[in-house]
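Shared between the two complexes below is chain A, which pairs with chain B and chain C, respectively.
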Partner chain A sequence: MKRLLAIAILAFALTLSTAAFAIDPLPFQNTAQRDRFQHLTRELRCMVCQDESLLASNADFAKQLRRQIFDMMQQGKSDQEIKDWLVARYSTFILYDPPLAPSTIALWFGTPAILLAGGIVVAVVLRRRARPAHAIAEEPGEDW
Partner chain B sequence: MNEVARKPIGRFVPLVVFALMVAFFVVGLVWNQSHDARFVPSPLINKPAPDFRLPRLDRPTDFVTRADLLGKPYLLNVFASWCFACGDEHPVLMAYRDKFGIPLIGYDYKDTPHDAQAWLQRHGDPYHEVITDQSGDTAINFGVYGAPETYLIDAQGIIRYKHIGPLTPDVIAKELEPKIRALEQGT
Partner chain C sequence: MNPELGQIALILALLLSGLQCVLPIVGAWRGSKPLMATAPMLAVGQGVFVALAFGILMWSFWINDFSVAYVAQNSNLDLPWFYKLSAVWGAHEGSLLLWMLILNLWTVALVAVLGNRLPQAFFARVVGVLGFVAFGFLLYMITTSNPFLRLFPVPANGADLNPVLQDPGLVFHPPTLYMGYVGFSVAFAFAIAALLGGELKSTWVRWARPWTNVAWGFLTLGIVAGSAWAYYELGWGGWWFWDPVENASFMPWLIGAALIHAQAITDKRDGLRAWTLLLSIFGFAFSLLGTFLVRSGLLTSVHAFAFAPSRGIFILVYLAVVIGGSLLLYALRAPKVTGGKSFALASRETLMVIGNLMLTVACAMVLLGTLYPLVGEALNIGRISVGPPYFGPLFMILMTPLVLALPFGPLSHWGKADLKVWTRALVRIVALAVAAGIIGFVLGARTFLELLGITASVWVMAGVAMFALKRWREAPRGKRYPFEMLGMMLAHFGIGVFIAGAILTRSMSVEQDVSMKPGSNVQVGSYDFHFNGVTDTPGPNYHAQQGTVIVSRNGRQVVVLHPQKRTYAGGQVQTEAAIQAGVFRDLYVSLGDPIGDDAWSLRVYDKPFVRWIWGGGVLMMLGGFAVVLDRRFRLKKVREPEAAGTQPDTGAPRKLAEGQT
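This part shows the complex of A and B:
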C-alpha cells in the first residue's frame, strides 16, 4: 500500500515536471545557448494562451516562435535584436517585462506613488498626534 | 484619531477614500468587459505590409507577391479549415464579399491545400483569390497569432486596419466599412 502510494506520488510529480516545460528537440550548440534560450523565452508571452510564457506553452504558435527564435540565435542575433523583431510584429504586449513608455508610466510608478502618498498621510497623522502630548496624559483611558 | 475625528472634514476622509476605491473597481470592471484582452492592437497599423511570396491555392505553381497586389486596396482574410471561429465568420464573408467594394483575398493559414479546398467547396468560396501559407512563417511577419484575422491594405501596400477574431455585421458596419470608404476618398 505504501509502495503504491509512493508510485502514485512519483507519477504525479513526473507529470508536473513535464507540464512545466514544453520540450522541443531543438539542437542547441551547448548548454549556455540552451540556458540563454530558456531565459529569453521565459520573458516572452505566448500570444494565444496569454498567461503562459513562450517557454512553457505547448501551443502551436509558441512552438513556431520558439523555432524562429532558435534560428535567429543560430544566426548570431542578440536577445535585444530578437525582442525588437518580435515587438515589431506583436507589439510590446509580447514582453512580460513592459518597457518604460508614456503608456506605462502609471504601471511603473503608480504603486510607489500610492505607497509614498500613504507614507505621507501616516507621517502627518503621527506628527499631529504626537504634538499635544499633554492631551494624552489627560486621557489615561485611551490606550493608543 | 480624536484629533482627526473632531474636525468635521476629517470625518469624511474614510468615505472619500472608500468612494475612490469603488470608482477604481467599477472602472476596472467596465473596462475589462468592454474589450477582449486577447485582442492586442497591431503595431503594423499604418506601416507597410510585409513582403510575401505565397502560392495560390488553386494553382500552387503560381505565386502571389505583395507587389502584385499593389495599386488597389484589398482585404486580406486569414482563415484555416481547422479554425473553428472561421466557420462562424464564413457566412458573413459570403454575404459581404460583393458589398466591400474591394477584393477579398483569402490567406489560408497553416493548412493543407487539400483541407482548404474541401472546406471552401463545402461552405462556399467568398474569396477573389486564395494564397496559402502552410508553414505559417510569413504570417509571423504579419503578426498573425490566431485565425481569423482581417487586414485592410491600401493601394500603396500599407496596413490601415486589422481586426482579430471573426468579422461580424456589426464590426463591418462600425469599423471596417468606414475605413474602406475613407480609403476610397483618398484620405
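This part shows the complex of A and C:
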C-alpha cells in the first residue's frame, strides 16, 4: 500500500513538473559555449521527470546538474568527458541517444532491418509485377 | 439525479451498440432485409444516448456538481466557463466519452451521407463493424472508467483543472485529434466489411477515400494544434520533442498518409488491393494504440500502468481482439489474386509504392523507439531513454528518398512515366533548388543545415509549381485542377513549407536565458530586449506577475511584450509566454523567477520561420479536406435492387456513379 501511495504521489509530482520549464541564466563566456551547452543538455534526460531534457526541466535535480555541467565546461572538459562522467554516475538512462549495447541492438538495427525487409519485398513485387515500358499501351485521355 | 441519467444513457448506448454490431452483420449474412434495415436506426439511437451522456456530464461541470467525482477532480468554482466545458475532456474518463461521441458523429454522418447510396449489405456490415468498436469502448468506460461516479461527502469546491490544460489549446486539440483518430475507424470499417463480405472488386475503396482524407486532415490539425499549444503554453519554445504522447499521434498520421496514397492506387488502377486493406487495419490499430497509450498511464511508467490493472488488462484484450481479429480475417480473406492494371518500373505507381514503404518504415521506427524503453523496463534489461537524437536523424534519413521522389510522382503518368519529362523536370528542379541555395547563401545562410532546409523546401515546392504549370498548359480550361488534384497540390506544397520551417527554425533560432534588472537591455540576434520590471495583475482564477519587455530593432520599437507567471488557487504555477508572431520570425519572451536584487530570470527567443511548421501542417490539412469535394466521389442515390432478397450475401458492389477515371 505504501508503495502504491508513493507511486501515486510521484505520478502527481510528475504532472506538475511539466507545468513550468526552466529559465536558468548561466554566465557563459560566449555564444559558442552557450550553443554547446544547449546542444549537450538538450540531449540529456532529467532523471526525475517524466520525459524532459536537462535543458528544459525545472526540477532541482536538473538545476544542480546544469550547474555541474556548466562548471565542467569552464574547466575545459569535452562533451564526451562530461557524458562519461554522467553515465558513470547515473547510468546510460540519462542519455537520450542510447549507446549501442547488447540491450539496444534491436533498437538500433531494428529500423534498418525493417527497411531492408520492406525494400526486398517491394523490389521483388515490383520486379514481378512491372512490365517492360514498350509493352504498356499509351492510354488516351485524362491521366489523373 | 442527473449523473445517474448519464449512467443509464451509457448503459443503453452499450446495449444498442451490441445490437448494432450483431443484427446488421447477421442480416447481411442471412440476407435479411429487415435485419439490415436496423443498422441506421441503431446507429442513430446509440448516438443519441451517447450525446445525452455527454451533455449530462457537461451540465454537471456547468452547475459545479462536485458530487460527481470526475467534476470534483477537474473543475473548480472559479474556473472560467469555457474551461469548465472543455474540462469535460481534461482527463481520462471524459476524454473517452469524447472519443465515443466523435465515433457516433462519424457513424451518423456515414448514415446520413451514404445510407441510401451504398449496397445495403455492404453498408450494414460497415455499420456493424463500427458498432463493435463502440461496444468495446462503452464497455471499457462503464466497467473501468465511469465518468459519472459519485463522491461522498460532497466537497465544497473542486480540485481545479490542471493549469497546463487551461488554455484555448485544450479546447481544440483533443477534439480535432480525436476526429482524426476516430475517423480512421471508418476506413477500418470499410475494409473489414469488404473482407467479411468477400468483396472481389475494390469499388468500396472509392467510397472510403473521402472519409480517410477527412480523418487525416483532422489528425493533421490535431497534431498542429498540439504542437503549437506546447510551443506557447509550456514556455519552452520547442514544437516537437518526440515524446511518446506526440509519437502516439504521429504513428497513425504516417500510416494515414500512406493509406491515402494506397487507396488512390487501388481506386484508379485497381492495384495494391491487399496492401490497402492492411493499411486500413493498421491505421485504426495505431489510433487505438495512441488513445490508450496516452490515456492509460502506461507511458508515465510501466508501474503506473499496473496501478489500475483492470484498465490495463481490458485495453490489452481489446487491442488483441480488434487487431488480432482483423489480421486473422485479413489472412483468411485478403484477395489472393493480384490484380490491377499493368505498369512499368518507371511509373507513378512505383514512386507511390516507394513513398508508402518509407512512410510505413518511419512508422515502424517511431513505434520501435517509443515502445523499446517500456519493453526494456518490463523485461528488466535496464532503463533506456530514447529521445530526439534517436528519432530526429533516423526520420530525416527515411524521409530523404520520399522528399527527393515527391515532385516526380505527380509529373509521371500512371502505367509508365515519360523519361524525357523526368529529365526535363529534374534539370529544372535542381536548377531552382540550387538557385535558392545560392540566394540563401547571399542572404546569410552559412550552415549546412540552413542550406539543406532551403534547397529541400524549394525542391518540393518547385515540383508542385511545375506540375501546376504543366496542367495549366495541357489540360482544357475548367478541367485543369479537379479538387482531388488540388488537394494533392496543397498537401505537397505544405510539405515544402513544413520542411523550411522545421529545418530553419532549428538552425537559426537564438535562445538565451538571461537575468535582467528593470531598465536593463539584452541583445538577441538583431533585436534589443528592454526589461521594464514586473507588476502584479489579478486574473479570473489566478494571480499573475506580469513583466513588460520592449523589443526594438535599430532603435525603432517593434513590440511590447507581457509575459506572465500565474499562480493558481491550488498553488500550481504556470508561465504564459508572450509571443510576437510573424511570418518570418517569432519573438518570444517567457518570465522566470525573481532572483534577488530586483532582478528576474527571463527566457528570450528569436525563432525564425517557426510559423511555417504549422503553416505547412494547415496546408496539408486543407489538402485532405479539398479532396472530398471532387466529383469523383459523388454518389448517386441507388434504389434497393430487387435481387437483394434472393442473392444477398455476395453483396456485389454495383458500378455506381463514375466520375472521370
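FYI, the second predicted complex is superposed on the first by the 102 of 144 C-alpha atoms of A that agree within 3 Å, B and C clash if a C-alpha of one lies under 4 Å from a C-alpha of the other, contacts with A are read in each partner's own complex, and residues count from 1 in each chain.
By our rule, a residue touches a chain if its C-beta (ideal position, glycine included) is under 8 Å from a C-beta of that chain, and two chains touch if they have at least 3 such contacts.
Bear in mind the structure is a predicted one, so any value in this text is a computation, not a measurement.
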Message: For A:109, using the defined touch cut-off, is the partner it touches chain B, chain C, both, or neither? Pick first, second, both or neither.
response: neither
- request: May I ask you to decide whether A:43 touches chain B, chain C, both, or neither, giving the answer as first, second, both or neither?
  value: second
Query: Thinking of the overlay built on chain A, is A:129 touched by chain B (first), by chain C (second), by both, or by neither?
result: both
Message: Between chain B and chain C, which one contacts more residues of chain A in the superposed model?
response: C
Query: Touch check for A:89: first (chain B), second (chain C), both, or neither?
result: first
Message: Which partner chains sit in contact with A:68 here, chain B, chain C, both or neither? Use first/second/both/neither.
response: first
Message: Contact-wise, after the overlay, does A:51 reach chain B, chain C, both or neither (first, second, both, neither)?
response: second
Message: Contacts for A:25 in the overlay, against chain B (first) and chain C (second): which applies, first, second, both or neither?
response: second
Overlap of the chain B and chain C footprints on chain A, listed as residue numbers: 50, 91, 93, 125, 129, 132, 135, 142, 144
Message: Touching residues of chain A toward chain B in the complex: what are they?
response: 47-48, 50, 60-61, 64-65, 68, 87-91, 93, 125, 128-129, 132, 135, 142, 144
Field: Contact set on chain C toward chain A in their complex
entry: 162-164, 234-236, 238, 241, 243-244, 271, 297, 299-301, 303-304, 307, 338, 340, 342-347, 350, 353-354, 357, 360-361, 364-365, 368-369, 372, 376, 381-390, 394, 398, 413-416, 479, 482, 484-485, 511-515, 572-575, 590-593, 595, 601-603, 660-661
Task: Enumerate the contact residues on chain A facing chain C in the complex.
output: 4, 7-8, 11, 14-16, 18-26, 34, 38, 42-43, 45, 50-51, 53, 56, 91-98, 103-104, 106-107, 110-111, 114-115, 118-119, 122, 125-126, 129-133, 135-136, 139, 142-144
Message: For the complex, give me every residue of chain B touching chain A.
response: 1-4, 37-38, 40-44, 110, 136-137, 140-143, 145-146
